[in-house]
Amino acid sequence: APAAKKDKTPTGRTQLRFATDWRAQGEHGGFYQALATGEYAKRGLDVQIIQGGPNVSIPTLLSNNAVEMGMGSNDFVVLNMALEKRPVKTVAAFFQKDVQVLIAHPDVGIKTIADMKGHPMLLSGESRTGIWVWLKAKYGFTDDQLRPYNFSTGPFLADKSVVQQGYLSSEPYTIEKEAGLKPAVFLLADNGYPSYGTMAMASQAFIDKSPDAVRAFVEASAIGWKSYLHDDTKAADALIMKDNPEMTPDLLAHARQLMRDYGIVESGDAAKGGVGVMTDARWEAFFQMASGQGVYPKDLDYKAAYTLEFLPKAPA
Amino acid sequence: MTIASLKDVEVEYGKRGRAVGPFSLSLEAGEIVALVGPSGCGKSTALRLLAGLEGPTRGTVTRAAGRGETSLVFQAPTLAPWLSATDNVALPLELAGMASKEARDQARAALGRVGLAGAEAARPAQLSGGMAMRVSLARALVTSPRLLLLDEPFAALDEITRRTLADDVLALWQETRPTILFVTHNVEEAVYMAQRVVAMTPGPGVLAGERVVTGPLPRPHGFRTTEGFRATAEQVSDLLATGRAAA
Amino acid sequence: MRRIVDQVAPILLLALLIGGWEAACRLMDIKPYFLPAPSAIWTEAIKDAPLLALSAWGTLSRAFIALVVASLISGLLALAVSLSGILERAVRPLVVTLQVTPIIAIAPIVQIWAGVAHPERAVISLAAIVAFFPIFSGALTGMKAADPDLERLFRLYGASRWQTLTRLRIPSSIPFVLEGHKVAAGLALVGAVIAEFAAAGGGVIGLAWRIQESLFRLQVAKAFAALLILGIMGAAVYALLGLAERRILAWWRGR
Amino acid sequence: MRRIVDQVAPILLLALLIGGWEAACRLMDIKPYFLPAPSAIWTEAIKDAPLLALSAWGTLSRAFIALVVASLISGLLALAVSLSGILERAVRPLVVTLQVTPIIAIAPIVQIWAGVAHPERAVISLAAIVAFFPIFSGALTGMKAADPDLERLFRLYGASRWQTLTRLRIPSSIPFVLEGHKVAAGLALVGAVIAEFAAAGGGVIGLAWRIQESLFRLQVAKAFAALLILGIMGAAVYALLGLAERRILAWWRGR
Amino acid sequence: MTIASLKDVEVEYGKRGRAVGPFSLSLEAGEIVALVGPSGCGKSTALRLLAGLEGPTRGTVTRAAGRGETSLVFQAPTLAPWLSATDNVALPLELAGMASKEARDQARAALGRVGLAGAEAARPAQLSGGMAMRVSLARALVTSPRLLLLDEPFAALDEITRRTLADDVLALWQETRPTILFVTHNVEEAVYMAQRVVAMTPGPGVLAGERVVTGPLPRPHGFRTTEGFRATAEQVSDLLATGRAAA
């Protein structure tokens, strides 16, 4: 495996490849902001953001040392690695709320997630091993509702009874813009879904070799996130649009607005512990829910999946 | 009435230069003409031109026999490997719209006439060279064509089979009076079967000359030993020899 | 004796290969998530055997239907097209376009057409699209590979287009059509799996879900076990078709 | 005159088809996100032309390299294999397994082997895997299609295995190898796109991204514009290969 | 010394029953034997058995000529369509390890000997039937084989070319004394070229009889008109006729 053979780049900084879980978008804004404002460079890091996609497996990249750090989309991803004893640890959680939503047609009488029972539900493969577990546990949904989701909302629009998964800033916006339909949107996190979103994970090899770099990355990213939500984002947005030409300022502004409105980054423990914070209590809550559903054995050492040691000091 | 004719035709194949001609040949209704000439002079090409399978580079080709009225025996058997001997022979009949059962009956009869009773079910790959050629001949004869073009039909056959088939073709001619042009390397065969023997020169073949064969058709017993037969054969051989010498 | 060697040697070779793989995994301490060892794959395959068998059967049966559909449609289209040069020139680019269309891209649309309630229909349609082209192209190439002198004979005997087609071109195309089916069978199988990835929900039981779920759960050996089953099915289908090809060609050649 | 009709008629037929599609979309008021009208697709294609051209070029060049790689490797493997019946029986199931392996499933692993910094390598490898089989199978079938009497002559003249291979089997296989390439070219193209879907993430500029991103944003017309480009490239490549095939076969047959 | 022999061989092809035999034939070193018989009797099959291309269903085949020492002319030309005439003829030389340039020079010379100077660059598809057959013959002669098996090599040729080539083959024999077995339908050719003529019966062919031809080899001028020649030819024809009658 072509692991980082030379960990110093020509600039003398530590090379750090960070793999995201999707094409560059507003939800990656904090990292791009840190890059654009030089927060990483300032701390001796030469960060390269590698865009992901629907079939890019960050755990695989990380556990084979193909990248130093990567993004974890939700707690399932993290605990799956613990289950398989992958040498990877989660070091920070930048989204206190996962941005997964469920979307329904506005006029079919779905007022709460519970009303979706019996409706065909478009879920991606990954979600079927993720949020579906929680949905079944909490709402008693059944597998015969499952339909495949290919990241296209066409099938949803074709059939009014269908509900589907989505990403807070993406699908609802797309549906409204292209089909002129304002769908009913339900943020799972606001209905008790206990997972974090957009975490930073690091391979054990990298942690062992450059713990300071990990700490520096977490710190710089936290600053980047705060800044992306509140300061001027032109430079970061430019980087995003360079990486992903399909992105528009419009879309980015929309995502930023939503992240602020829903308190994705700064709500909950973050108010006290700062951006990026994780707590043992929150991890335990998620583990109890998932293992209660039989996804994980009760005796899984889930604490091996994360570490709190790189978290930034709580703001005074 | 002229059934088919070549007038000053020349054939060129790409950069290999002229292969045949200028050559003229006219076939009158109901006559039997033999075409002889050295290997590579253009006999097969002339046949293909008359059948309309190819066009000449220069010159004109006319043909009065319509589609489905011409039969051809290629120099190689050219059978469909996936069809039995019977089905190969029945093919032209079925193409002309005859019911399969009747066509196959007629095909079997035709195979019997060329001495292949017993090999009806065999595939081309299971036949000897001479047998395949006879299947090809049976296929050409079975449709009772108006114009019959035969390219060395008996070359792969032994003398006895050869003579039997020659008499067979003459008998068939007696019945339906088709126009027959056949290529042969056997001068005696040419003289025995044809009313007229046309000889070509080597190289890009042109007319070396022609001889009319006198005598009744079909040939009476012992025709091959008559003085006239010997003399004509001699003359044709001379035509070929002088044509070759001139080239 | 010779025969036994011929039978055993390939198996030995394969065993050697697998042994080397296993040894490499153990000696070089290759992490199972980089490349799982054959023994680990085998263990998973045995452990999951009933579920894998069920899934494999689902995929295989859909692939089979897709192959039959592709074979029929491409055969008929090739026929229609070869009756008219104009039609051929109009249809060929369309068919190529269909071949180069990634089924992942049209899965959502096919899903809509097939109806969200019938994912297996969508899977079969998509797999048939993948398997379509080699048969079509083979049939077209084969129909043009007829002996030119036989073709001339047909013209001479006044055969109609239709007669030339059924009695000359179709039989002549058989070797190429068979070759097309050998390629298409594998494509139908892998097409069915990709189509399952793309268009089949939990409602359709197939290998794709086994693979995908294992990959999401980071159980690489389990995913490889499913791939192994897929490979065995593919090899078996290919071997069967190869046998059929030999038989049919022997009949075709008449010896 | 005849020629002009032959040239124009297919275009007319295509135009008719497209016209029908357009009419259907307008008259039946089909939503653009179910099936976009040709005019809408065209508009998008024009609007996005520079970006599309860039993406198309990326995909095409990778597909081309993949085809060349697949052609070389499958050719060499077919050669090696046809020197030994034992080797052939051992390798064939492996190759079929490779053919039926969905590249989506092995994309993560190939990605690591190729190195994340080189997504285009992963894409090319995966596309080559997809394009590999038809050429390999065609070469193998073709090498066995040699004239049996010529083969007997070679034996009689004491030709070595290698001589029989290079001087009889390889030349004999040409028609089948060409057919294999015609199928493989399309597969390389669609394989490149699927590989981009699967392995490229955002780092590689290609049509897959255009398609996926557009579908995700429900801009179906935009996605179809990309598919249109893909189809045009596929048809062009196929036409070129068809031309090459006719030339080469004419040379091969000696007329 | 016996170069090759068939002893009581029979050949059966699947359910079509016995095709040839029981038949025996033994070729002594340096002799020229002609094999004649009606179409389909098994002459080509006998040749294939002697060449080792097929095995007999029953009986034994022996051969002293090793690999690369035997040459064969099939009844059909059997040329590689992708090679020029020269390359087709050079093929056996190159297979035996000769350098390409020299092999092609010898091939061109061999083509000249069979009257194909000028057609060296042509592909098989561009040759007439007789020309292709002559290329095939040149390919068989060019290696100076110990055992030469010829299946109707001159059948597609005109009389003059035929005689020239017959004399050519005899001249070659004079030089290197190969053992030659050739199949022909032309009784006079058989008697002219061979020291011994073997005749087969029709159907599943068995031996009809054989005749030794007396007289010097190569034949003196005018040999065809000698009394001995005529008598032997007559005898062979009778053998064939009685063989046929008996069947």
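Each chain carries a letter (A, B, C, D and E) given by its place in the written order, and its residues are counted from 1.
Simple rule for what comes next: a contact is a pair of C-beta atoms (placed from the backbone, for glycine too) under 8 Å apart; a residue touches a chain by one contact, two chains touch by 3 or more.
These numbers come from a predicted model, not from an experiment.
Counted as hops between touching chains, the shortest connection from subunit A to subunit B is 2. Chains that touch both subunit A and subunit D: C.
Of all chain pairs, the one linked by the most C-beta contacts is C-D.
Taking each chain's centre as the mean of its C-alpha atoms, subunit D lies 50 Å from subunit E. For the pair subunit A and subunit E, the distance between mean C-alpha positions equals 84 Å. We define each chain's centre as the mean of its Cα atoms; on that basis subunit A and subunit C are separated by 38 Å.
Distance from the subunit C centre to the subunit D centre is 15 Å, each centre being the mean of its Cα atoms. Shown for subunit D are the residues in touch with two or more other chains, namely 34, 104, 108-109, 112, 197, 212, 215, 220. Under the contact definition stated at the top, the residues of subunit E that touch 2 or more other chains are 76, 122, 126. Multi-chain contact residues of subunit A (touching two or more other chains) are listed as 1, 57, 60, 64, 150, 152, 154, 158.
Interfaces, counted as pairs of touching chains, are A-C, A-D, B-C, B-E, C-D, D-E.
Taken together, the subunit C residues at the contact with subunit A in this complex read 31, 33-34, 104, 107-109, 111-112, 116-117, 119, 197-203, 209, 212-213, 215-219. Within the complex formed with subunit C, the residues of subunit D that make contact are 5-6, 9-11, 13-14, 17, 34-35, 85-90, 92-94, 96-102, 104-106, 108-109, 112, 133-134, 137-138, 141, 145, 175-176, 179-180, 182-183, 186-187, 189-190, 193-194, 197, 208, 211-212, 215, 220, 223, 227, 230-235, 238-239. On the side of subunit E, the complex with subunit D involves touching residues 51-53, 66-68, 70-72, 74, 76, 78, 80-82, 91-92, 94-96, 122-126, 143. Here subunit A touches subunit D in the complex through residues 1-2, 17, 19, 23-24, 50-57, 60-61, 64, 66-67, 150-154, 157-158, 170, 174-175, 177-179, 243-246, going by the rule given at the top. Residues of subunit D that touch subunit E in their complex: 147, 149-150, 152-159, 163, 167-168, 171, 174, 251-255.
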